[in-house]
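Across the two complexes that follow, chain A remains constant while its partner is chain B and subsequently chain C.
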Partner chain A sequence: MTPRNRFRWRVMRVLALCRWLRGGTVRALRLGAAAASSAPPSQVRQRLGPCRAVPCRAVPCHAIRGGNGLSSPVCALLQDSVTVEVLDHLERLALVDFRDAEGVERLREAVRFAERLREVNTEGIEPLDSVLEDRCLYLREDDVTEGNCTAELLKNAREKVEEYFVAPPGNIPLPELEERDTFLKGS
Partner chain B sequence: MAARGCGGVWRRALQRGPGGSCSASRPRRAVACNARGGAVPVGQSGLAPWVPVVGLEIHAQITSNSKLFSGSQVQFAAPPNSLVSFFDASLPGTLPVLNRRCVEAAVMTGLALNCTINKKSLFDRKHYFYADLPAGYQITQQRVPIAVNGSLSYSLCIDNKMSQMVTKTVRIKQIQLEQDSGKSLHDDARSQTLVDLNRAGVGLMEVVMEPDMCCGEEAAAAVRELQLILQTLGSSQAIMAEGQLRVDANVSVHHPGEPYGVRTEVKNINSIRFLTKAVDYEIQRQIKELENGGTVVNETRAFDSKLGCTVPMRDKEGKQDYRFMPEPNLPPLILYDAKSLPANVNHQQVVNIDWIHERLPDLPSVKRAKLVELYGILPEHSFTLVNEDGLMEFFEDVVKRTQMKPKKVIGWILSDLLSHLKQHSLTANESPISSFLLADLLNLLENGDISSSAAKQVFEELWKGEGKTPLEIVKEKQLELIQDQEELEQICQAVIDEREKEGDRRQTRVAAALEASGLGALPSALLSCSCGGLWR
Partner chain C sequence: MESLGVAAKWRRPGVRCGAGTGREDGRSGVRRRGVGRHAARFSAPAALKEGQITPTELCQRCLALVRSTQFLNAYITVAEETALKQAEESEKRYQRGQPLGELDGIPIAVKDNFNTAGIETTCASNMLKGYISPYNATVVQKLLDQGAVLLGKTNLDEFAMGSGSTDGVFGPVRNPWSYSRQYKEKSIPRSDSEPENSNWVIAGGSSGGSAAAVSAFTCFAALGSDTGGSTRNPAAHCGVVGLKPTYGLISRHGLIPLVNSMDVPGILTRCVDDAAVVLGSLAGHDPKDSTTVQDIFQPFALPTLTDVSKLSIGIPKEYHVPGLSSEILAVWSKAADLFKNAGAKVVEVSLPHTHYSIVCYHVLCTAEVASNMARFDGLEYGHRSDMSKSTESMYAATRREGFSDVVRGRILSGNYFLLKQNYEDYFVKAQKVRRLIANDFVKVFGSGIDILLTPITLSDAIPYVEFIKEDNRTRSTQDDILTQAANMAGLPAVNVPTALSERGLPIGLQFIGRSFQEKQLLTVAKWFEKQVQFPMIQLEEVKKHDDGVLQHQKSASFS
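Coming up: the complex of A and B.
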């Protein structure tokens, strides 16, 4: 595996794990607990919550294994895999905020925790990607049953113009590591 | 206004009038597709030839009453944010519920494109941030789409004279169901974007074509054929002007025998005509860039229709990492066929591939073949008939009502009627001359009541749409053929008397013939006229 592939594969693993453990989606613009952040409004990011103690399931997680299905490196190298590069990439992609060393350590613990799944031999077993896989996917009839609630939807919008939502003009990407005021620069 | 129909190459030959609504003169291109179909473009300096490679990603909006995962209505041009449910606005606590009609539409399209329908397909999330994607991800089918490995056959002319049509095939990599995003209106003056979520969540079929095409014409022909197929199936109305059919082109160039070059993606193509221009421009740009020693960057470019060129798109932050993950809220989509259909099942909950297959309508290629067989017209003619909206039905109506042979009717339809329609940018349904009137006119011609030049004059009159019938116009303008023998003799004699002094029999004969036919006499009637042995 080339260094570049290894990097991407680790990122995939870490991201999927973060999502799995936190049990919710990363929403870049959700204010909530991050209200105390001093970052400018256009860069509101999500603070990583505490790592929940979830009983370990012997479930081969397809996403954790990574896209190309190659075998994993040894656990001992794990500490080195969560590098500043990876953290910067994660911050940029998912707009999460590794505010301090505690946040990064939490991530390392989570990855270490998930690595234990590799002790399970999953040769020749179909990956499980949803616990719903034996359920029937319900098919809805093609009828119009919703809509027409413009006023309600716009109630939560901070700014609106004639029933349109207002957004900044295009994406504002996170500045480069050197230009950001972030803890990551020091580590 | 959006170009209705194809890239314009094969219509031009049949127009008698000037240019028509499509680009009249082909710009000089250094790319030409040779007869065998491979492109042999010549570089500026005459060095090794370049092979352009064009692949298309087409998004077709599914024609359905409600959206793919929610019950809000699908409608073009409604008040902003009025067709949005809580799920479309991605408010917490909402879940996707799949629309059965969208599944059926995708299966129909897959079957029409000769695809293998995957009996088990999965949904995934594709993450990226943009204001018109409120959830931050789009539900799509990346790993196992609903249909794979199909093919699309299309025809195009290899020369400008529309005399030789060649059939090509492009492989379809996959067809997948996915959600549409909302619409952003950019207000640069106030530095803000206005977001309308009416379109967010509408079902799309993404048709991914393999890079088997080599120039703008082929891409346009393929898209036009796909448009006709979708419209025939009813799975999508595929009107590019309303955004129901969106095409992104992936273009690269390389030398024969070498690996594929770096590709760029061209977006913002709003009509089939622009598709041809955009692809050709991009091929030229890449060739020029590489011949000047530069490199092609893997980027996304937008087509500027006013300038006729592609420009790099702003707002692209390097290569996107979409972080695909399985959609946790949707179980796999299982489709059945006659063999695997379980007994005692609720039919509303089941999509049967074989049932859909039996009910597929005649595809355009089948329609064309039937026209050729039924009416004995050329394949090129049937191609145009099927290609133009409503023209086939018009032709069949006329044939029904007239005694004239279809092979002659087709000439009138394709040369006279179509050229007039194109000049005024009308479809066959909007023609001022109805099929009744045209049939009446052709009957007059067929019965020998008028000559063909007179018929053309009547046609022009009818085009004005003043409500007169062909017979009325003929009487008004006295265009009837002179059948009366005596009258003919009188005319000939008058001319002979005038010209006899000059003594040249041949000249007199010609003059008499011209005079008589100018008054509407048929040559056959003249021959039987016995004016002083003039014709012997």
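Coming up: the complex of A and C.
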């Protein structure tokens, strides 16, 4: 693989990871972009179920821009853990903005409230994903039973061309904090 | 555009549809045998079969009631044309003597987070305004296959996040009991005789619209969703039966998800028998929802329990939470005594991790919400921003414009808890605490307890002006405290309206049963319902449109 292709492959993988995190299932945008996951769609769907929550396990820690001194473990003290860097990172991950100081305070309250969990002794307890964990997740036959409803599905999209959903150009990251229109700017 | 035109017509149910406000030909309309509360719907199929009323007339009556109770804001979309069409088809089936079942011709309402083909589904959010779903949710399809008449989509908190039905973009839902004679009589007289300006109380949430719709007699049953108590809470405040089935019993396909591991479709009806009938048509495996269990479900008719001596009722002491009003406590104690005096074994039990369940729920809920709300990016459906510099900025702008503060707050909190550095401390920890909570229930039911009896709300419905003084998260934290443990453990639970408070508003009590034992749960609930004789709401609007329906009402033996 040439260096340029290797770079492109790496960028595609990161984008794919981000898309996978956000979407929870594979969404094949017909834009000529790389496949959003290495697993074929049917396998991913069966592994995840129709709408299972996908935890953001894959967010690399170094993605938090710690250029301004976020060197210590972030969850040390509550006040320290909700820094501007973390808030910026959350805005990028969630693609949702804090809007105002109230939004940030809401997050702090939520985190403060969640701190109570530390009081519980969970030594030796396994996490519970689903109350149906004792049952086998079954697989149905890999038969196509429905589909051919392109026109119906496209009805709800605002921008489309022929049978394609139209998206603005991809591979462009969200602007940096200083260039973004966000409440956090200048914090 | 055709769909726009139809949607606009639906939103404003001012279209005349004929029969209107009452019968001119002297027939008494739907006669309900027994107290309306008992046989609210059971007589309706009988009346339909015997031709006392036709499905079209019933539908028109309900639509007229919907129009005259518009101030409740219970409905977002009223599907008049399709409802009347469905009613006409039902009428043809009755004329042939071939009704599809008990629900044939029965008007129902559906919460607006269930997908309904051809009818706008908004989740009370700007993000999905104008979204016309291409398919029916499984539960909606099942009801329609039984011949039910879908009147419309009911109001809710935005994306079902909230406990008051006050945070949707279409405005808050008003509790029909605010306009009842019982409440008005107990209210402090005000200088303005109309209470609607400031004295009306919340309907509870997030399925407040569905509960209000059923409570105001605009429909016979309604679908809600229950993630942390969203069906049972408004049921308690509106004085109707709210059933949360076991997780995995009813399909969630088509229910716009909030928390995949806790959501269930909820059933709201005026009596326990009706809830059992609706459950019978909805429950069962769905190949489109892999979280439904594959066990064969047998619909059941509820036996009339006469002897409760073999029953063991558990009273969890941790549910006596700070903030529980003395009225609710008194009603709870009286209910326990009722069972004791009838010969049942009433035992105090302990669910030690109850205090942490709301925290655990808070973390898990926001985490799953962060994931589930990720699908709303404007590309394939829903609101789309005009921003077109890049995909990411378009997504960000769309979500900025489409989501309210409450939703955004939960998404951001959820993403925080799922950050790599926080994942173990919050998300996994909460999952472990969830297992502890679920195990508490397993232990209690394993020790011979059949049903748990608990309060369901901290007090009766509070006035809207007071409710909005605290923010959504605080309110949810307070109001979900008694209900969400059942969601965490996936257990069935039902609210049974029990008594009226001093202010003339409904108070309900909750029964929690074992997994997949809805029959036992509802049997006990039915017995209890018969004992307490909860009074019927006395609404002027209902009297106008249903002459002869509300034959008599019994006073609550608990007040």
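Annotations for the structure displayed:
To be clear about the criterion, the second predicted complex is superposed on the first by the 103 of 187 C-alpha atoms of A that agree within 3 Å, B and C clash if a C-alpha of one lies under 4 Å from a C-alpha of the other, contacts with A are read in each partner's own complex, and residues count from 1 in each chain.
Throughout what follows, a residue touches a chain if its C-beta (ideal position, glycine included) is under 8 Å from a C-beta of that chain, and two chains touch if they have at least 3 such contacts.
Note that this is a predicted model, so its numbers are computed, not measured.
When the shared chain is aligned, chain C comes close enough to touch A:K155, but chain B does not. Contacts of A:V86 after superposition: chain C is touched, whereas chain B is not reached. In the superposed three-chain model, the partner touching more residues of chain A is C, compared with the other of chain B and chain C. In the superposition on chain A, A:V144 makes contact with chain B only, not with chain C. In the superposition on chain A, A:G170 makes contact with both chain B and chain C. Within the superposed three-chain model, A:L117 lies in touch with chain C and out of touch with chain B [touch as defined at top].
After overlaying the two complexes on the shared chain, residue contacts for A:S130 are found with chain B and with chain C alike. Legend: residue contacts after superposition of the two complexes on their common chain; A:F98 is shown touching chain C, with no touch to chain B. Residues common to the contacts of chain A with chain B and with chain C across the two structures: 93-95, 129-130, 132, 135, 137-138, 140, 149, 153, 165, 167-170, 173. Residues 64-66, 70-73, 79-87, 89, 97-103, 122, 127, 129-131, 135-137, 184-188, 191-197, 314-315, 317, 321, 323-334, 348-349, 351 of chain B touch chain A in their complex. Per the touch definition, chain C reaches chain A in the complex via residues 131-132, 134, 247-248, 252-253, 257, 259-261, 287-291, 293-294, 353, 356, 359-360, 362-363, 366-368, 370-372, 374-375, 377-382, 384, 387-396, 399-400, 403, 405, 408-409, 411-413, 415-423, 425-436, 438, 471, 473, 477, 489-490, 515.
Per the touch definition, chain A reaches chain B in the complex via residues 11-12, 15-16, 19, 25-28, 62-63, 67, 93-95, 129-130, 132-150, 153-154, 161-171, 173.
For chain A in complex with chain C, the residues that touch the partner chain are 21-24, 29, 49-57, 59-61, 64, 73-75, 81-82, 86, 89-91, 93-99, 102-103, 106-107, 109-111, 113-114, 116-120, 122, 125-132, 135, 137-138, 140, 149, 152-153, 155-159, 165, 167-170, 172-175.
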